[in-house]
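You will see chain A twice below: alongside chain B first, and alongside chain C after that.
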Partner chain A sequence: MAATSARPGMPESESESAHPELGAPTTGPPKAAPAGRTTASQLAGWALVLGLLVICLLAPKLFIPSFLRTLSAVFMFATLAQAWNIIGGFTGYPSFGNVVFFGLGGYTIAVLMARSHWSFWPALVVAVVLGAAYAMLIGIPTLRLKGHYFAIATLGVAEGTREIVLNVPKVTGGGAGITVPAVGPSATTSYPGNTGFLYYFLALLVVAMLAVYAIARSRFGFALRAINQDEDAAAAAGINTTRMKIAAFMVSGAITAAAGSIYAFQQVSIYPDRLFSVDITVLMVIMAVIGGSGTVIGPLVGGVGLQFLSEYLRQNFTDYHTFIFGAIIIVAVVLLPEGAVRFASETVRQRRLPIMDNLRRYRL
Partner chain B sequence: MTAALETRDLSVRFGGLKAVDGISVTVEDGRVLGVIGPNGAGKSTFINLITGQIRPTRGKVLVGGRDLTGAKPWKIAAARVARTFQINKPFRGLSVRDNVAIGAMFGAPGGGSVAKARGVADEVLERLGLSGVAELGPTELSVAHAQRLEVAKALALRPRVLFLDEAMAGLRPAEMEPQLELIRELRREGLAIVVVEHVMRAIRSVCDTVLVMQEGRELLTGPPDEVLADERVITAYLGQRYAERQRAERAEAGGSGPAVADQVGPRPEGETRAPG
Partner chain C sequence: MTPFLQATVYGLLQGGLLALVAVGFSLVWGVMNVVNLAHGALAITGAYFSWQLHESLGLDPVLSLVVVLPVMFMVGYVIQRGLINLVVNAPIWMTLLLTFGLEALIVNGLLLAFTGDFRSTRTGYSTNTLALGGVRIPYARLIAFGLSLLLTVALVLFIRNTKMGLAIRATGMDRTAARLMGMNVRHVYAVTFGTATALAAAAGSMIGLVGTFTPVVAGGYTLQSFVIAVLGGLGNMWGALAGGLVLGLATAWGALYLSGTLVNAIAFGILVLVLIVRPSGLLGKPYYEARAEA
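Right after this comes the complex of A and B.
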């Protein structure tokens, strides 16, 4: 749109000059938003991000402790959604086993701190490296599969890994879980408390956002999007699709493992059923998709929005909160199949709310 | 001088089916090889074997004398072999410019930054007359522009060998001529080009040599006029009865005129094509 309307010396461009009576020149026929360009909604998104960041940094002075914990969870899920976005959104490989990196990261921290008396930070580095390494290990066979098959394979890997963790109680504590020494003389790193974890998760979210922002603008990001659209054509264009897919999975795994690490430290006691829960994977996927998978700010929007919503429902509708949450997700997926971010930019571009378009298009 | 592209006894079996069986061709720089044959003859599979989408079970692929048999597609692309696909494969989420830029980013020797690749893309789009639609999404293009975009994506790799798999399909006669002119121009620039086509007018007007495939095998190879007049080719395309009828008609008319009619060949539904 901008390409045709922003020519000062030529008020009437070729296509519009023939029919000057048909609408103002600025509202031409709808065209697809040029991909990869900065749009107004993207700018607004980043402004919002900055504003939120300032509020978050001041949060400990503004909010009560229970809200700080909620906020930590919001940041964590936004990070997880963003990490999933790299492999599921940009690359188009819908991992249903991303929680495996979360659990792996958490258990790395717990085992190293409880059994080997490491302090948190070096253990975090090991957890991140292991997350990336595990992604490579399982990515080499599973990334040969596509679509549902990849989803099922990764789901299987996550469930299998949980079983392994359950069955080596000497290392992991098995089903009884493992406790990170957080207080007292055995504590290797002093427990950061609500404020500390809020900042840890915020910092990780910022890292994840910047990483995806950088990826989206880099050759790597173009390679991932090309693979997402058509893998054969991507390979024919010279993209080493195998390497790029594995790299994307590794970045996703590393960030997810870091989130799991911080989470394990925050929770102190961890259990396989929680740390490898399919629910966490499902939440990552839903948050990324409803926010806008394959976009930079979509997972942030989805993660923040849905986590707050879920928290609000839990507090106000104790008996029905999962039911209501589920219903809202179904409606959101039906109405916004492309995600909230693309919906917003469509709204700005078309200057109307295209809320029913999807229903009409697919006669739902 | 080593040929830009050479295949020796190239073959692939899918179970009991010999999809491509012992095809040997040589394409020099600045030459155009046409590959024709009925649907299912193995033309696209032949390309896929060379460009790495399918690994051959037997035979060799040499690019500029270098053995690239069974190499991955991106290795082939790095050896400056580019291709289009029979079914257009645009990157839907990206603008036309970025569709082309991808090839320049990864395929061109040494690769390039995003900004540099977009510069290359703009040059290619300019050359193919697509500058006006650079900002659009690939789904908004006309058939002719969509076909051109596929060629543009391939050219962004700065290829030495170019495969065009039915780049004329769906084009109106008037739209075909610029596409043919482009092929001639690229040929003059020294590209080795392999054209898979059902449109005989295109084959006749740009090819130096034509390979006719039938059931995976080479039926015959030769200059276009000779090949298109060959009885076996007519039979392969149109079946025995039509070939006999045409022979009778030709005998009546004194044996002149083109043998394989321009409207020869199966065509996908709803496509327009040049009248004979």
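Right after this comes the complex of A and C.
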């Protein structure tokens, strides 16, 4: 779809030398940047999206409850991958601490509903605002760092935040966790059940997809890609890089916090170790990258594909599933570093399977 | 006063051991710009290796290094040559993902092979302690500390005084120039990673000697390696030693005066602070920042 022309994620210096035509991306008129023409394949794409949406909306009538839960998880992880895509894929700042917004959102919901007896929807609004605010707070110092340093600083922030949550048991329940009042007289909002959460997560996924679609076609998204390719050149071309980076991080944080909020309500009982798990961050990154980071549909493809795969492995190879999953990650990173979406479009364009091309591009 | 002294001594001894865990991590990061998330898993692999040798052959953990070091060097060499070299030029999160996949593979492989039970290499001198003016020091801790210092110094001498060490430094500074000088960069990278793996495995053997381990703790050692490498400056061996001692002391004192559960928060607080204020570490500057090309 959009963004196949820009290839975010190239090493900083190589994007200058190997792709001189991308070296100064800010010189062109911004409106002409992403593909603006409507082609038959785009129409087919939209038809496919609509068809899938209808199936998802009818899912409660079509599938058994356990599959609905799987589907909710699929939607949630696709949303998380898409949120990561904004800061990691488009802007090129690989946050390894995005789970902090997930945990923050979840704990906001749990604390407000359990301790202050709020109902779900106003608490959700607070959680989203807090997610964005926290992204700004940690983004101001950490977004000055680049590459590994940014990745590890955000990882440190996430782990540190978990420790803090763990150490204020009066508010958060500490390591024992906190329980959202979901049933009985203390419940502030009635528990929506499998079908309800499926729709919540689906709605959030649609919001995230539309947000990224809009960003990808906007001046804002153009600025983010420019920052990704060459931050100095972007700044020289008049982009306020600091403000753009923080804005991208805030959008990412807000969407992630919303996902965490719904997740906390769905799980009822939440624990710091689960809600701030590094594994969730890594899953976001992997799904976005394997699908195609910096593209609009890549994270959706990666999220849906990997979560179904993970669920399948969990059910059929219970003991070995993490082992196999690790092996799949390794193979996918080596063979699909540009993501499935770009791989597919290259295959169509060149009429051959360009498996070895990626390998040749990045090996020593 | 005695609890403070005890905590200080313990912190320093633990810090020396952590430095040995982290020194290879720092070397790999500094020379190749690869953050090896599987580093802790490789250290724990060394711990199991040593433990298994002790269980089946009765080999002392210190003596077993004669086997562990070369074998784990080969393992590291093959991992770099066959796997990580394939994505060295990819965007940085690719190597992070690749090594995370490797970590999942190793940790779960160990879980399947050895279960998640806590293990410990029990030797004849495990329970003996040295009493020094009210401070009790287990002999095993002293041995682990001494060995850690020895291996770190050996690494510094290797990097400084051998031809291969020079090649590693040169490759870390400017890969293209190193290639033009006729160096086989693939081999140099693999030797670097193999050395790091061997040292991590040696540290793992010592971890088994002084305490308990299970595959699940691997991630914790990787995170501590992060903190130490950043504190010390990437690729700086003495820096890793200093960073290890600082982290060991901070952790020990933190556990003494604050809640034990806040210790990690302190470590990460230090990490984030150092990253923001002084990303080049407490000592020296990282190789990779000084590179002419990237």
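Assorted remarks:
Note that the second predicted complex is superposed on the first by the 311 of 364 C-alpha atoms of A that agree within 3 Å, B and C clash if a C-alpha of one lies under 4 Å from a C-alpha of the other, contacts with A are read in each partner's own complex, and residues count from 1 in each chain.
Everything below uses one rule, namely that a contact is a pair of C-beta atoms (placed from the backbone, for glycine too) under 8 Å apart; a residue touches a chain by one contact, two chains touch by 3 or more.
What you see is a predicted model; the values in this text were computed from it and never measured.
Once the two complexes are overlaid on the shared chain, A:229 sits against chain B while remaining clear of chain C. Within the superposed three-chain model, A:142 lies in touch with chain C and out of touch with chain B [touch as defined at top].
With both structures placed on the common chain, the touch criterion links A:115 to neither chain B nor chain C. Chain A has more of its residues touched by C than by the other of chain B and chain C.
When the two structures are aligned on the shared chain, A:294 is found in touch with chain B, with no touch to chain C. Interface of chain A with chain C (complex): residues 9-14, 88, 92, 94, 96, 141-142, 144-145, 147-149, 151-153, 155-157, 159-160, 163-164, 166-167, 175, 278, 282, 285-286, 289, 319-320, 322-323, 325-330, 333-334, 337, 359, 361-364.
Within the complex formed with chain A, the chain B residues making contact are 51-53, 72-74, 77-78, 82-83, 85, 89-95, 98, 101-103, 105-108, 111, 113-114, 117, 135-137, 139-140, 153, 156-157.
Residue ranges on chain C touching chain A, taken from their complex, read 29, 33, 35, 83, 85-94, 96-98, 100-105, 107-109, 112, 185-186, 189, 219, 223, 226, 230, 259, 261-262, 264-265, 268-269, 271-272, 275-276, 279, 293-294.
Of all residues in chain A, those touching chain B in their complex are 3, 31-32, 34-37, 217-219, 222-223, 225-226, 228-230, 232-242, 294.
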